[in-house]
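So that you can tell them apart, the chains are marked A, B, C, D and E in the order they are listed, and the count of residues begins at 1 in each.
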Amino acid sequence: MSATGTAVRLRALAKTYASPVLRDLDLDVAPGAFVSLIGASGTGKSTLLRLVAGLERPDGGRIGLTRPDGGTPRVRPMFQEDRLLPWLRVEANVRLGLEREGADHVPALIDAVGLADRHRAWPSDLSGGQRQRVALARALAHRPDLLLLDEPFGALDALTRVRMQELLEGLWTSSGATVLLVTHDVDEALALSDRVLVLAEGRITRDLAVDLPRPRRRGDARIAAWRGELLDELLAHGTPLG
Amino acid sequence: MSATGTAVRLRALAKTYASPVLRDLDLDVAPGAFVSLIGASGTGKSTLLRLVAGLERPDGGRIGLTRPDGGTPRVRPMFQEDRLLPWLRVEANVRLGLEREGADHVPALIDAVGLADRHRAWPSDLSGGQRQRVALARALAHRPDLLLLDEPFGALDALTRVRMQELLEGLWTSSGATVLLVTHDVDEALALSDRVLVLAEGRITRDLAVDLPRPRRRGDARIAAWRGELLDELLAHGTPLG
Amino acid sequence: GRSSGGDIGTDDSSVPDALRYAVIGDGTVGVPAVLRTALGGNDLGEALGGVPVTWQPGFTASLPVMEALKAGEIDFTFATATAVIYGIGGQVPLVPLAAFPLPDNSLDILVPPGSPITGAADLRGKRVADQQGTTGTYSLIRYLESAGLTMDDIEYQNLAAADAEAAFAGGSVDAWVSWQPQIELAKRRHGATALPGLRTYDHAYYVASEEFADAHLDTAVRTVRAVRDAQRWINTRTEDAVAAFAADGGFGDDELARESYRDLVDARRLSESLADERIGPVSDEAARSTQEMADNFHTLGVYPQRIEAAEWLTDSRFDAVREAVSDALA
Amino acid sequence: MPAPPARARENAPRASVQRPTAPRPSTGPTPRNARRLARALLPWVVPAALLVIWQTGSSSGLIPPATLPALSDVIDAGTYLAETGDLQRNVLISLRRIAIGFALGATAGLLLGFAVGMSAIAEGLFDRSLQMVRTIPHLALVPLMIAWFGIGELPKVLLVALGTLFPVYLNTVNGIRGVDPRLIELGRSYGLGPLGVIRRVVVPGALPSILTGIRYALGVAWLTLVVAETIASRDGIGFLAQNAREQLRTDQIVLAILLYALAGFLADLLVRLVERFALPWHPHFRRGAAT
Amino acid sequence: MPAPPARARENAPRASVQRPTAPRPSTGPTPRNARRLARALLPWVVPAALLVIWQTGSSSGLIPPATLPALSDVIDAGTYLAETGDLQRNVLISLRRIAIGFALGATAGLLLGFAVGMSAIAEGLFDRSLQMVRTIPHLALVPLMIAWFGIGELPKVLLVALGTLFPVYLNTVNGIRGVDPRLIELGRSYGLGPLGVIRRVVVPGALPSILTGIRYALGVAWLTLVVAETIASRDGIGFLAQNAREQLRTDQIVLAILLYALAGFLADLLVRLVERFALPWHPHFRRGAAT
């Protein structure tokens, strides 16, 4: 893969809908880092991703995306819903936005997400997890410099999920892209990322560096400790249910 | 709650799309039981739920739903996607299908899923997890005799998820309804249900009775053992990724 | 068909509940205007001995009136010879009450100012507008004949009068045949020239529906007489008539329309201008001219069948009608 | 995720190296008001430009009156008709016919549209027949209408009804087919009866399309009225136009055309209001799109 | 979950006490073929019934020929015109006018529809003006069309184009507004340029609605043609109808009406074919709904 890690620099970022969602948020992500973002439902994780992707205008603050080589970074968000185009079959959905020449790897990718035998299916004929995997394949197919993933494995069973995590980790390692992953699974965050961020009350309230070698073992004692810490952090700010 | 548990009886159930999804599936669920269904992505969990809900015609076999008192059971599926009506606000979505008189508990339910302050919002203004909680509230509001839940907590963070599980368990206990829960989280299945079924190759390949008292502790040794067993069972049949 | 039905008006004539009188246009000028507002004491209701009259205006020409007649919605109307021919062919249950010749200068053929066309011979290869199947068509045929031409020698353009004016003004046609009062108005408005020698050959009719004529012949005939009297009044008291029509909105705010109308009445050039003195029961002459026209339409392919108009018009089953009309107008 | 802005104009640069702060223009009231004013005036640019070209063309003699009478002449014609009361009377009579005919036609179109959209049997029975009747021109029907329904108000109103039926019908069917079948399934599973499903799911989902049909039908009603008002009538603005045509009054013809355009404007305004009121959830009407 | 069946008829009992086996009727070929036959015949039930009522009514004298000529008379009229070659010639001439006018009008409608649907500025500039022009009846425009474009083919074709423009325009705008904005956002985020977004997202999403517009426009083209063919024409089936009316030839009037219905049927068939071909993913066309 030919991606170039992209640095993300957020300063005093603010976004308000009916009430403030993000306020004065600062964040720096190094090129090529794998950063996870966790937080209670409705705290603004998706909003943050949409702001970084340029899909929403901030009400204040600055967003800077810099590629070390000075080029324009290629950003690809994978949305929380699958957003498959109903009128394109699986393979055409994955190819979306790719030139014909740049799409040689698409069949292999469809195979990697386990849908080789369904590549001619219409999206409406797929199961929920299958749809999510098509969306994942589509995001990966673009070899982005900055990959924004919004709960990409939420509809997958435990085993398929592990396979998809391995796929993502492998592509990230070989490509050098920056990855920003929103997840509600603390273990997943700890297993995959260099840093885990906790979003609460409109800010990053915790920034945990996970300096473990890869591949990581689930049973690691440090992971268990961090797990407890992160859950406590989440608990401290309360869920929307009080 | 006034629900009456409903017995589910499936015999030689078969369903084929492009290729066979379910074949010769037999299942008996006792009235008032809480049964979880796990299985790899694309094995036919949603299809099974849709068949039980009468939304799909089987290609063979029989489906029997029996309420002990002889009445017609009230079945409510919660779909894998949220299926909120875009033209109804949160509260109206939850009230859908309820008579005005039978909807007194709706505000409390909206409060219980943590959306009291968003009850006038349009669905398109909600976060993914918020939408899922609206759909859950809607399914619960009907006090069904048979509740069919298709990955109802997939878009929720760990803490919100636990709250929602507690809500569901509480309502189930007080109502006596039968619950059929599809989940990809083995821990969730073990924490909530009386029985855990594994669906693979079109059949129930494992039927595990979880005879633990409630509320259950996460750390229980038996749970850990079952967990391993279930994951092995899943692994034995392979995921779609081989 | 109905046209071969029994004799008309031989049973005792009864008094109808009402008379439904069809009016072409909005009925603010001409005979209908006089009768409707009892100008100069010409009160149709009174002339009919108190029979109420339902005025049915808004027809665009006498052909659509035939449709209404066929549907049984109309009892009495003016009709051109063309309408009568088509009515016979279309098996419209009508009874010819009276006929009168059109003034032979009731048509004009216009050419734009400065046009090199000065007579029939110059029309060869030119675009000539006319509404197909009308009095104008027949006159145009005869006009061309006078220079040894046929319809094939010109570029014939079938256009309704209103559309023809737009085409004429826009230079899309080289000549335009139409009838009064529009053609005179257009002539003045565009400063156009009328070519000499165009004549009118046919007759016009007053007709009733078969059902009405048969049951209420007396009322039908009285209506014809009232029409004659009204036209008489217009022709003699032209200034009063035109002033009354204008007051009724007959010419809108169009001064030119009013003037040219008055001049046309004075010159007896309107379709009904001769309905005062020359009106009478359907004569052999009227039948012959109408038959000639029908034959011509057939020969030219304007109308697919040959209509035996003369035979139909002079059929003996209308004997009682002819007699009653001639008595009433005497 | 919330529904994002739908318009190409809002296509923000996707990944510029530095994306500057974009404070909403809600700081000062002046630029916002100016923008609002511009937005309100924009729709009038084209009509105003046409009127100016027209009048200057006429007064400079570039447009000969035979091609198009001067705007001032047309206004004079209107003033005259308004003073005599003819204009108002004719407009009211036409409006009455439109109202009755439209009510009949739209109701029939909706009922047929729902039947065909919801039931395959109704579709099999009626759709093809309606598609065939649809192409029959009103002008060609006039003689039959007279033969069947006489020359009173009935055939006029029926013609208008016939004209409005089809756009409402077609767009209702299209709208119903476009409703997400998963939402219909949801409604059914949640104990809504067939009527409940229609009321809570199908109608709201098909509404944008139905309103397009109604918007179009309101226009067609006027088109049909002109034909209908050639049936033995001496009132209505269709008659006005027809009569003007017979009397070769180009100024009145153009006046009638302007009146029709005005009717179109008002019909459009009405439907816009209804849309704003009935579709508060629709992304197009929520994002404050151009008025 | 996969998109479920969309139709009320498929509303299976939701929670019967015992739901019996429902083996698909795919066992024997006979019942399936019978069903297919029934489905193919269903659309002809209404037209056939009408024809039977008509002919028996005429021959028994219940329907007087003044109200409606006998079917056999109409067929005779058709045979006569076909033998002289008039019918074929007129139909061909009308078809040619339709083809050119429709191509012009539909293209303009699509272009304007996309401009207005995709850009708020274009909406502001054009939408109101178009909504106003839309209600101007063709009949009222005829004199102006003659004054501006003469009496040749041009005004006829332009009238047809004008008639077809608006339904295509309105339905295109409606279709574009109905496209899920999240999918447009997706297209943009995935590097499709404005044209790519239109081609891959907006066009397919708006297509069902656009096809409804085209379907309607194909009908309107015929309606307009009748008016257009009153302009100095001696050919075309509009002239045929007009001429028949003037000659009070009810048989030919009805013949023309039947020809229009046939045109409607063919236009409908065409659009159905296009729909089947262009919307393979659409739930309505996938579930084997009535042909």
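In this text, a residue touches a chain if its C-beta (ideal position, glycine included) is under 8 Å from a C-beta of that chain, and two chains touch if they have at least 3 such contacts.
Protein names from UniProt, one per chain: A, B = ABC transporter ATP-binding protein; D, E = ABC transporter permease subunit.
Because the structure is predicted, anything quoted here is derived from the model rather than measured.
S.K.: Going by the touch criterion stated earlier, list every chain that contacts chain B and also contacts chain E.
M.R.: Touching chain B as well as chain E, we find A, D.
S.K.: Using C-alpha centroids, which chain lies at the maximum separation from chain B?
M.R.: Measuring from the centre of chain B, the most distant chain centre belongs to C.
S.K.: When chain D touches chain E, do the two copies use mostly the same residue numbers, with over half shared, or different ones?
M.R.: same
S.K.: What whole-number Å value describes the gap between the mean CA coordinates of chain C and chain E?
M.R.: Taking the average C-alpha coordinate of chain C and of chain E, the gap between them is 42 Å.
S.K.: With chain centres taken as the means of their Cα atoms, state the distance from chain A to chain B in Å.
M.R.: 27
S.K.: Using mean C-alpha positions as chain centres, tell me how far chain A is from chain D in Å, no decimals.
M.R.: Inter-chain centre distance comes to 46 Å.
S.K.: Using mean C-alpha positions as chain centres, tell me how far chain D is from chain E in Å, no decimals.
M.R.: Here chain D and chain E have centroids separated by 18 Å.
S.K.: Show the residues in chain D shared as contacts by 2 or more other chains, in ascending order.
M.R.: As it turns out, chain D has residues touching two or more other chains at 1-4, 14, 66-67, 142-143, 147-148, 182, 185, 189, 242, 245, 250, 282-283.
S.K.: Name the residues of chain A that each touch 2 or more other chains.
M.R.: 17, 46, 53, 55, 74-75, 79-81, 125-128, 150
S.K.: Pull out every residue in chain C that's touching 2 or more other chains.
M.R.: Residues 67, 70-71, 162-163, 165-166, 169-170 of chain C each touch two or more of the other chains.
S.K.: Residues of chain B touching chain A in their complex?
M.R.: Those residues of chain B that touch chain A are 17-18, 38-42, 46, 80-81, 112-115, 121, 125-130, 133, 150-151, 154-161, 163, 184-186, 231, 234-235, 239-242.
S.K.: Using the touch definition from the top, list the residues of chain E that touch chain A in their complex.
M.R.: For chain E paired with chain A, touching residues are 1-3, 182-183, 185-187, 189-192, 196, 200-201, 204-205, 207, 279, 281-283, 286.
S.K.: Quick one: which bits of chain A touch chain E in the complex? Just the residue numbers, please.
M.R.: 53, 55, 74-77, 79, 81, 83, 85-88, 96-97, 122, 124-128, 138, 142
S.K.: Would you tell me which residues of chain E are touching chain D in their complex?
M.R.: Residues in contact with chain D: 1, 3-9, 11, 14, 39, 42-47, 66-68, 118-121, 123-129, 131-144, 147-148, 166-167, 170-171, 173-174, 177-182, 184-185, 188-189, 194, 197, 208-209, 212, 215-216, 218-219, 222-223, 225-227, 238, 241-242, 245, 248, 250, 253-254, 256-257, 260-265, 267-268, 282-284, 289-290.
S.K.: Can you name the residues of chain C that touch chain D in the complex?
M.R.: 22-23, 25-27, 56-60, 64, 67-68, 70-71, 73-74, 161-163, 165-166, 169-170, 182, 185-186, 189-190, 249, 252-254, 257
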